[in-house]
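Have a look at this one.
Note that the chains are named A, B and C in the order they appear, and that numbering of residues resets to 1 at the start of each chain.
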Amino acid sequence: MINREEFLNKRYKAEKRFQMYGKSAIILALLFLAVFLFKIFSTGYTAFQKTWIIVPINYDPEFMYLDADQKPSMEDLQDSEYFDVGIESFAALDQNANEDQITDIKRMFAFIFEEEIKDHILLNPDDFGKIVEVKLTASDDLDQVFKGNYPRDLPEERRRVNDYQLKIFDKLNSEGKVVSNFNFSFFTNADSREAELAGIASSFMGSLFSILVCLAVSFPVALLAAIYLEEFAPKNRLTDFIEVNINNLAAVPSIVFGLLGLGVLLAVFGLPRSTPLVGGITLSLMTLPTIIIAARASLKAVPPSIREAALAMGASKMQTTLHHTVPLSLPGTLSGTIIGLAQALGETAPLILIGMVAFVNTIPGSPMDPAASLPVQIYIWAESAERGFVEKVSACIMVLLIFLVLMNLAAQMIRHKFEKKWN
Amino acid sequence: MNKIEAKKVNVFYGDKQALFDINMDIPERQVTALIGPSGCGKSTFLRCLNRMNDVIEICKVEGEIKINDYDINQKSTDVVRLREKIGMVFQKPNPFPKTLYENISYGPEIHGMAQSKDELDQIVEDSLKKAALWNEVKDRLHEPGTGLSGGQQQRLCIARAISVKPEVILMDEPCSALDPIATAQIEELIDELKKEHTIVIVTHSMSQAARVSQQTGFFHLGKLIEVGSTDKIFKNPNQQQTQDYITGRFG
Amino acid sequence: MTEKPHTVKSYEEQLQQLTNNLVIMGGNCETALGNSIKALCNNDNTIADTVINNDTVIDNFESQIEQEVVDLIALRQPMAIDLRETVTALKISSDLERIGDLAKNISKRTKLINNNLPYNLTQSIERVGAIVQKQLKLVLDSYTNRSPEIALDVWEKDEEVDNLTNLCMEEVIKYLKSGNENIEYGSHLLFVTKNIERIGDHVTNIAEQIYFLVKGSYLEGDRPKGSQPIVNGEK
């Protein structure tokens, strides 16, 4: 009797222990996730801020090589040079500056200062001949200094920002001429060699186009394959063989698909390299087995009684499949598809092989234009030496994660919505 | 008059023979019940009558099954036409996960039986009325069929089966998932339906076979042991095996 | 029993119990009949009293069997052989109960007859009583053995019983005619003879039930009838 009591206690204890193992496993997993997210966010959030320096710009007609007495037309403003305007205005920041120091001051700004000066006068033609304050993008080094990511106490020769630049910067900062605002250009700019100008627009669009191409190619093919295999194909050695191979295909390392894309799509079919079209097709090879497996599983999950009901009503095999089985399997198929696409979205290796790793500083307008993709962008930036790219990498990861979370949410919603409707 | 005449029907699942030399006549506009222990082949025989065994790849049916003197068990038989003539109701209610209306209209639609929407409406209404379901569901024809109770779902399936005006209705244990009240409603319905249709019903409940059928066939181990009028079978069967089965002396 | 046992043992036991009760009840009736004839012929009121008192036992058996039959039908829904078993048990029990009543009636009349009866009369009644008793025994045997052949035998022998009762009836009428002082006892004896004949009929009924029980069909043709009963005392 006492033995049995002890035995029972042991069983309860064993169960408690088992539950504890499970809980600690979850806690560990959550911990990893939290560390990862904290790291990403803490380094990445600053990338969404951008530093500007407000500089009084002297729109002197002399520097613009225009007639001072006459009001210039828009064409004149469009065509004129602004480099000297910039240089003169920079020189005015420090009256005593020599040639080298003026160059240093110029380097405090992004190289597109000319464009920014020009954009301002084009928007405000009345400022012609006046001195007005204009917001200019600070160089990535100063941006990092301002965000506090750049150590000032290093010896000067090991710094990319010299003491003179820091002096001018601090002076401007104390005058309130240094401002920090939301970094829209991170989302609207294409990639750039200059960290302060680099954005994800190109890679984002590249990813989007790739995914769309991937969806357009893999979904219909996979669905048809799954329907045929599950509903029509006779069960014999051949179909068994095909099934095993589809499962194997899902386990093939993605880089192999990249080689396939390189060897077949680029070399044989001569499709344009570095484009989302080729990337999407390559990714679809990867997604295909995932969708086929998901679609077959959800077709299999449709109760056979529904098929029997339709067949017994005199529906043909095709009618049974298209009217009843496929619509019922669609939620499962769609969420499988989205999961497959999310996988494809995060894929880097095959894209590198087909050339989507190239530096692309234009925003692609169609799948036929060269583009990067988000994970490849992360890879490119992570390789770059400039300190300004470190935060960009994290920011890009955040965007990618949000994209993935949204896709998974969509998968959940589709599943939930359709499954709730019937039963 | 016999609606269905089965002669020397043998059914094989792969190497395994499921039915042995079944000879059975099924009279028109009567209810014929098939009874027997599980795995005795009664459902298999039922599924021969509308060639539902075709769905099972390894299943092979031999012999002659004549319906209206036409052998349905030949290659040239159009299965779609055959199943239009021979409806089927299954063990578990299996309405399509669509609205009540779509459940009934599906058959007439795929067979092109209605020329207009009005005609289709009429077929739906008639079928539901015949299945004694109209009054319960007429206000929610466009709600999902899966929202009904088990008994209502089964009557919906019967309504779906009769929507294409079949000559024969096959029922495979139609009440095994239902409570006694719903069972009684279905049995009453079967009584009504036999005025216009020939009904073959497989059932595990002997009392149900006794209540609804005029003719009963007893299957055991793939053989038709005895077939005869229901009251003869249940009062004084000819075969000892039949008697042992219906009095609960089996195995 | 030739049938295999039921899968449900308690059902089997219930049916067995029903058969057993019926057999015991039949035995009681057999005893009652034998005793009542014996009491009459020996003019033994003690035996007659036993018969009268024991009739309640038979009545109780009948109501118990009725209860069991109703239970079986309500709770077990017997089919085929079991159904016939149950239904015939009900009918046989009511026949047996009537046999018991008739035997009791004979004994009641015995108590009203105090004189010794003429030897030839008692002998004749004893003879017909014995044959009816034998019939009853046979029919009960056929029930326990589920033997339609014996039942058929019994059924066919009813003619003989009827003829013997008619002969006996003639003797009684002769006895009545032989003197006015005989009218009281003689009329009692008429009823006794009639009762014995009725018992024979019930036995035949039981034989028919047994035949149906085993064969599932009814005995064909009219029941065998003896010569017409004597109305005016002359042949």
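Here is the rule we go by: a residue touches a chain if its C-beta (ideal position, glycine included) is under 8 Å from a C-beta of that chain, and two chains touch if they have at least 3 such contacts.
Just so it is clear, the model here is predicted, and its values are computed rather than measured.
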Legend entry - Chain pair that, of all pairs, has the most C-beta pairs in contact: A-B
Inset, instruction - Give the label of the chain whose average Cα location is farthest from that of subunit C. - result: A
Legend entry - Chain whose Cα centroid lies nearest the overall Cα centroid: B
Legend entry - Between subunit C and subunit B, distance of the C-alpha-averaged centres to the nearest whole Å: 52
Legend entry - Mean-CA-position distance for subunit C and subunit A (Å): 105
Inset, instruction - Would you kindly tell me how far, in whole Å, the mean C-alpha position of subunit B lies from that of subunit A? - result: 60
Legend entry - Residues of subunit A touching subunit B in the complex: 234-235, 303, 305-316, 319, 323-324, 328, 421-423
Legend entry - Residues of subunit B defined as touching subunit C within the complex: 206-207, 210, 234-237, 242-244, 246-251
Inset, instruction - Could you please specify the touching residues of subunit B with respect to subunit A in the complex? - result: 50, 52, 55, 57, 80-84, 87-88, 90, 92, 94-97, 106-107, 110-111, 144, 146, 157, 160-161, 164
Legend entry - Touching residues on subunit C, where the partner in the complex is subunit B: 3-8, 11, 77-84, 215-217
